[in-house]
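Order as written gives the chain letters A, B, C and D; numbering starts at 1 within each chain.
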Amino acid sequence: MGSLAGSADDARRVLATMWTIRRFEEAVDEMFARGLLYGTMHLSIGQEASATGACLALRDDDVITSTHRGHGHCIAKGADLGRMMAELLARDSGYCRGRGGSMHIADVSKGNLGANGIVAGGIPIAVGAGLALKMQGTDRVALSFFGDGATSEGAFHESVNLAAIWDLPVVFVCENNHYGMSMSVDEVSRLERVADRAAGYGIPGVTVDGNDVQAVHDAATEAVATARAGRGPTLIEAITYRWKGHSKSDQNLYRTREEIESWRQRDPIDRFEQAVLEARTLDEDEIRQVRDQARDAVRDAVRTGQSGPPPSTDLLGAVYAPSEVDALTVASVAPPEDPGAATAAGGSGPVAAAAGARGEAEAP
Amino acid sequence: MGSLAGSADDARRVLATMWTIRRFEEAVDEMFARGLLYGTMHLSIGQEASATGACLALRDDDVITSTHRGHGHCIAKGADLGRMMAELLARDSGYCRGRGGSMHIADVSKGNLGANGIVAGGIPIAVGAGLALKMQGTDRVALSFFGDGATSEGAFHESVNLAAIWDLPVVFVCENNHYGMSMSVDEVSRLERVADRAAGYGIPGVTVDGNDVQAVHDAATEAVATARAGRGPTLIEAITYRWKGHSKSDQNLYRTREEIESWRQRDPIDRFEQAVLEARTLDEDEIRQVRDQARDAVRDAVRTGQSGPPPSTDLLGAVYAPSEVDALTVASVAPPEDPGAATAAGGSGPVAAAAGARGEAEAP
Amino acid sequence: MTATKTPVETLTFAEAVRAALTEAMEADERVFVLGEDIGVYGGAFGVTSGMLDRFGAERIRDTPIAEEAIVGAAVGAALCGMRPVAEMQFSDFTAHAMDQLVNQAAKVWFMLGGAVSVPLVVRLPFGSGTGAAAQHSQSQEAWYAHTPGLKVVMPSNPADAKGLLHAAIRDPNPVVFMEHKLLYRTASGPVPTGTDPIPLGVAAVPREGGDLTVVATGIMVSRALTAAEELAGAGIEATVVDPRTLKPLDEATILERVRATGRVLLVQEAPRSGGFTAEIAARISESDTLYYLEAPVRRLSGLDAPIPYNPDLEKASVPQVPDIVRAARELVEAG
Amino acid sequence: MTATKTPVETLTFAEAVRAALTEAMEADERVFVLGEDIGVYGGAFGVTSGMLDRFGAERIRDTPIAEEAIVGAAVGAALCGMRPVAEMQFSDFTAHAMDQLVNQAAKVWFMLGGAVSVPLVVRLPFGSGTGAAAQHSQSQEAWYAHTPGLKVVMPSNPADAKGLLHAAIRDPNPVVFMEHKLLYRTASGPVPTGTDPIPLGVAAVPREGGDLTVVATGIMVSRALTAAEELAGAGIEATVVDPRTLKPLDEATILERVRATGRVLLVQEAPRSGGFTAEIAARISESDTLYYLEAPVRRLSGLDAPIPYNPDLEKASVPQVPDIVRAARELVEAG
C-alpha cells in the first residue's frame, strides 16, 4: 500500500477531506452557539483521520453505516456539504428534508445508509447490507462505523457473529475515542483493547492509531480486500479522541483539561500535514490552499443550507413509501461507475445482478 | 478436590441426583406420550451430569437461573419432585400454581430463580442476582445455566461483560449439547469451542466433558471459589448431548440416528457408575438401590402431582403482588443454614445483611 | 355472478403462507427468508417445510438465535435492494428485536426524508392456545399498530393469509405479519391459485346480519362466525367484520357496518387494556357513528393477565365461542 | 382548611425526582440506581446530579451501554432482595430491553405462581420537544399499559413526580415511571417535604369546570390547564383530569367527571392510533357514561408519524395549547 503522504493526489484528497470535516464541524459548533441550530450535535473534531482513512479504502459503490457522531463519515463518503448543512438547518433541501437532523443524515446515493441515533443501531444494518451485496453476487463491501461504547451492546455481538459465520463482506470500524459519553472505555471491558473482542468471534482484530490516517487506511484497505475476497469481516479499532464534549449538554466532568490538551497536541490533521511536508509532496502554500478550499466549501454550504426552503408540512403523507416505490429503484445504492463492473465481478451469487430481477424498468 | 466416585456419600448423592433426573424425565416423556401432559417439554436426558456436577459445587444459599430445558437443574438444586410434577400437571400445588408449566418452574426457597422460556433470558437475571448478593455483603454466588444456542444472543454478551467488569460472583455454565434446536453449534460460531468466547470478556473459559460429572464438578468448584473470592465470573462449557428431540415437535431431521446412538453409548450415568464400581465405593446392589429409590421417588411425585387440586381461577387477582408483599421477605432466597454465616462472611458490601434493612420484621 | 372464476385449492393456513412465500420467491429473486430453524427443521410450526430443498440455504437462511441481528440484517438487506421475509419463531421473541423493528425499520423512510424504503416483512406466529405459557403466547399487535411506519396485517383464514402476504412482500414498507399459531393446522379452506395480492387496508365482511356487528381480529374471526351461526339459531343475525389489516385500518367499512346495526361487539385475543379494539371503540366514539348506537360498545378481550399454562385457565383467559354468543345476546337484549 | 399543613418547597420536576430517589436511598439500603452516565455526568438530563458524591459508585451505578443487561440486572437484583431503580437514558432505548421488561419482569409474579415479586422501577425520560428527532422523542406508554404485570406512572408536575416515585419504589411490582423530558426544567412548583407516597391508581383533578372534561396525560396536563385558563376567558369552564397512573387507572374518577360535563376531550402526546387515550375512549363508550355524552368523544393526539427534527414540524406533530383550546371550543359549540 502506498504512502498517502507521498502522493500529491492522495495527500490533497486526504487533507481536503480532513479539513472539510474539521471546518464543517467548527462551523456547526459556532452556529449552534449562536442559536442557529436546533437539537443537539455530536462533533468528531479530533477524529477526522479514522473517517477519512477508512472511507478512502472504499469504492464509491461500497456502503457504510454511521453513528450519532457521523458528520465525518458522511463527508468522507462524498456527501454534498450544502445538503448536509441544509439538513442541520432543518430545510426541505436537506438530506432528510428536515425530518432527520444531525443524527439521521444519510446519503444513499453515495452508499451512506445513514447516521443513527441508536448506539450500535447501524451495526446489524451493515451486516444486512453485506448480506445483500453478497447475495446479489457483487464484490461490494459494507463498512460499519461505531464507537467504543457500542461494543457493550448486544447488537454488536449478534451482528459481528453473524457476519463472521456467513463470511459477509463487512468491515467493522470501532472509533475508540476513549469514552462512551462519560464512561471510560477502560471501565466497560476487562480487555486491553477493543480489538481483542474479535477473538470471541474468530475474526481478525487490529488496533491502529486512529489519528494516523495512513495507519487507518492501511488497516481498512486490508480488511476491505479480505471482505471483497469473500473471507469475511475484520474488526478494526482506531484509537482516537474527541476534543469536544459528547454533545451539547456535556460539562466534561469525567475527564481532565490536561487530558484533552494532550490529545489536541496529537491533532491528526497536523500530523498528516507534517508528513506531507516532510515528504515534500506538497508545500505550505499548497496545503494552505486545500485548507482554504475546505473553508470556502463550508461557507458555501452554510449559504446553500440557509437558502433552502422550509420543509414540507405534510407529515402524515411522509410516513409510508407509496406503493409505486420499488425498493430496488431507490435502494440500489451507489451503482458502480462502470455498470458492468459489479456484474462482472459477481454473478456467482444466487441473485446475480439483482437490478435485473423481475425485469422492472429502471432509469439509468 | 476429591473424587466423587471415591466417596460413598458423594457417589450416592451424585447417582441419586442423576437417576432422579433421568427417571423424572422418562416419566414425563411417557406421560406426555399418553396425553397426560399439556404444552411442550424439553428433556435433558443424556445431560444429567452437567446439572448435577455444577449444582453440587454450590451451597444451598447460592442461586441459579435455568432454561427451558430445566428439570435437571431444578432437581439438582433440591426441588421437591411432587411440586414439580404438580406443576407439569398444572395443579395448584405446583411450583407455579399451574400457571407456569415446564418452562417456568422455579423453587425460590432453594435458590432456583426459575426456568426460562426465553433463550438467554436467565443470564442477565443471574448477573443481577450476583450483583445483589455482592451488594448485600454476602459471599453467595449465582450460577447461570444456558445452552450453546444462547451464546448467540446479545443478552449473553451484555451480561457476561457486565459480570466481568463488576467482578460479580457469577458462574456461567454453557451446556453445549451440540445443537440449538436444529442448528449445529459449529454453524453459529467460527470458534472451536464455546469457552473461547470468554476471551472476548477477559474472563477464564474452560471446556469440560459435560458427561463426566467429576469434570463438571471440578470446573464448577473452581469457578465458584473464584466467584466467592470476589474475582469475578468464569465461563464453563460442558460438552454433552441431548438424546431426545429438542421438544415435542422435533423430527430429528438435522442429525443422524448414528450420531444419537454414539452419544447414548456415552451415557453420563453409566459412566459414573462404572467409576464408582471400579473404585469399589459402592457395589452393584447399592447402586441398584439408589436407582430404585429414584424410581420410587418419581412414582411418588407423579401420585402427589396427580392428587393436587386444580389451580385457582382468579387470574386477574394473580397479576400483581399485593402491596403488603415486601420483595425481601419473599426473595431472600435460600437463607444460609447458619444465619450467621453469610453475615460473617460479608459485611463489607454497602448493604450488609440486607435482611435487616429497614428493620422489618421477618419470620425466621 | 362473476364472469371468470379463479381456480381454488384447499390449503391449511400454514400451507397458504408457504404458498405465498414460495410463489414470491419464484417470482422475485430479491425475496428470501431468514429465521431460526426454518431450513431442515421447516420452522417451529412447519411453515417453511420443504422450502430449503427447493430454494437452497442462501434463500432459506437459518440463523443463530439472535433476533435483533435477524431483523437488523433484514433491514440492511432491504435497504440494499433485497426483499427479506424474517420469521420470529414466536412473536414474543420480537422483544429482542424492537430496536431494529421500531427505531430503525419503521422510521427510515420518514426520518431519511423518503430517500430509501425498507421493504421488509416480519412474520410473527402469535397467540395462545398451545400450552406454552406466558412467554410464548402473547398478542402484541397493539404495539405495532401504535408504531407509525409499520403496517400490521392479521389474516384470519388461508385465502387471506396468502393474498395478504403477497401484498405485504410487495409493499415498500415494513410489514408486521401476524399469524395465529392455532390457525396453522386447524384453519383450512379454499385459496385462489395464482399470486394476486389482497390489498392492505380493506376489511372483509364474511357475514351479514342486521342485529349487531361483531368486529373480530385474527383467530377471533372464526370464533365470531361460529358464534354467529349459533346466534342465528336463536334468531339473532350478526354482521361479522374482519379488518384483516390493523394498519392501515379500513375504518369506513367498520363504521358503516356499526351504523347499519346500531350495536357493536369488538373481539380480540389480546389483553383488554390498550388492545387494538380500544382504537376501534375510540373511532366509533369520536365519530357520528356514536349517534347510531343503540347500546354501549361492548368489548370482549383477553384478560389483563399473562397467559397461564393450565389448559382450562388458558382457555378462560381469552374469548371463546360461548363468550361471544353470550356477549352478543346481552348486547342485543340490552337495548 | 386542613388542620396541619405539610411544609412545601419549590422544586423543578428533575429536582423532585432526585429528591424521591435520594430520600428512598436514605430510608432503604436496598434501593440503588443503575443506568448510563448517571454518576459523574449526573444523567443525560441531570436528574441524578450530585448523587454519586452522596451515595458512592456502588449505589449510583454507572453501566456500560447495554440496556438489556441494565434492566435484566435490575430484575435479578430485585428477585434477590434489592429495590433497583433503572434509568433508560431515553425511553426509546427500552426497545433494547423489552425482553427483560415485558417477558421477564412483568410476568414473574404471575408466572411463578406468586413465589417471588420484582420490585423494580424503570425510569423513562420520554417525549418530544428537544429537537432530537424520531429515535429520541417517542411516547410509548401505551405499550407498557398493554403489558399485564407492569404498572405505568406518568406524573405531570413536581409534587406528583416525587410522591408517585416514592410509591413506585415501594411497590412490590415492576413500575414503568415515565418522565417527560420537557418537564425536567420547565415544570417547577411546590412539593411537600417528607417521603409520603401518592398512591398509584388515583387520578388528580387539578381544575373543575362544568362545560367539558379534559383528560390529559403527562405534559399535556399543563397544556390543558393553560388552555383551560384561556377557555375560561371565553366563558368555557373545563374540568381537567390527570390520571397520573395509567395502570392502574382510576376509571371511576374519569367516568364520573365525563358524566358530569357530558363532553370529553382526551389529550395525549403519543401517536393517535392505539394510544392510551383510545383505552379511555373505549371505557367511556362501553359504559353507561356513553348516555351522558352530549357530543362525540374528541381525541387530540400526536400525529401517526415519527417525530421530525425541524422545530416547527416537531411542534406541529403533537398537541399544543392552541390545539386544545380550539378542540375544546369546537366540542362545546358542537352540541
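To be clear about the criterion, a residue touches a chain if its C-beta (ideal position, glycine included) is under 8 Å from a C-beta of that chain, and two chains touch if they have at least 3 such contacts.
Predicted, not measured: the structure shown is a model, and the values here were computed from it.
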Determine which of the two chain pairs, B-C or B-D, is joined by the larger number of C-beta pairs in contact. B-D
Farthest-lying chain, centroid of Cα atoms versus that of chain B: A
What whole-Å value do you get for the distance between chain A and chain D if each is reduced to the mean of its CA atoms? 37
Euclidean distance of C-alpha centroids - chain A vs chain B, Å: 45
Taking the mean of the CA coordinates per chain, how far is chain B from chain D in Å? 39
Chain B residues touching 2+ other chains are 96, 98-100, 104, 116-118, 121, 152-155, 158, 161, 165, 187-189, 318-319
Residue list for chain C, restricted to those that touch at least two other chains: 64, 66, 68-69, 92-93, 95-96, 99, 103, 110-111, 133-135, 148-149, 303-306, 308
Partner chain C, residues of chain D touching it in the complex: 68, 92-93, 95-96, 98-99, 102-103, 106-107, 110-111, 133-135, 140, 142-143, 145-149, 247, 249, 270-271, 273-279, 281-282, 284-288, 290-291, 293, 296-299, 303-306, 308
Which positions of chain B touch chain A when the two form their complex? 152-158, 161, 164-165, 187-191, 196-203
Partner chain A, residues of chain C touching it in the complex: 27-30, 32, 56, 58-59, 63-64, 66, 68-69, 71-84, 99-100, 103-104, 108-119, 148-149, 151, 170-173
Help me check something: in the complex, which residues belonging to chain B touch chain D? 63, 65, 94-100, 104, 106, 108, 113-114, 116-118, 121, 123-133, 135-136, 142, 154-155, 158-159, 161-162, 165, 318-323, 325-328, 330-333, 349-351, 354-355, 357-358
Which bits of chain A are touching chain D when the two form their complex? 38-40, 87, 90, 96, 98-101, 103-104, 116-121, 149-150, 152-155, 180-183, 187-189, 249-251, 253-254, 310-311, 313, 315-316, 318-319
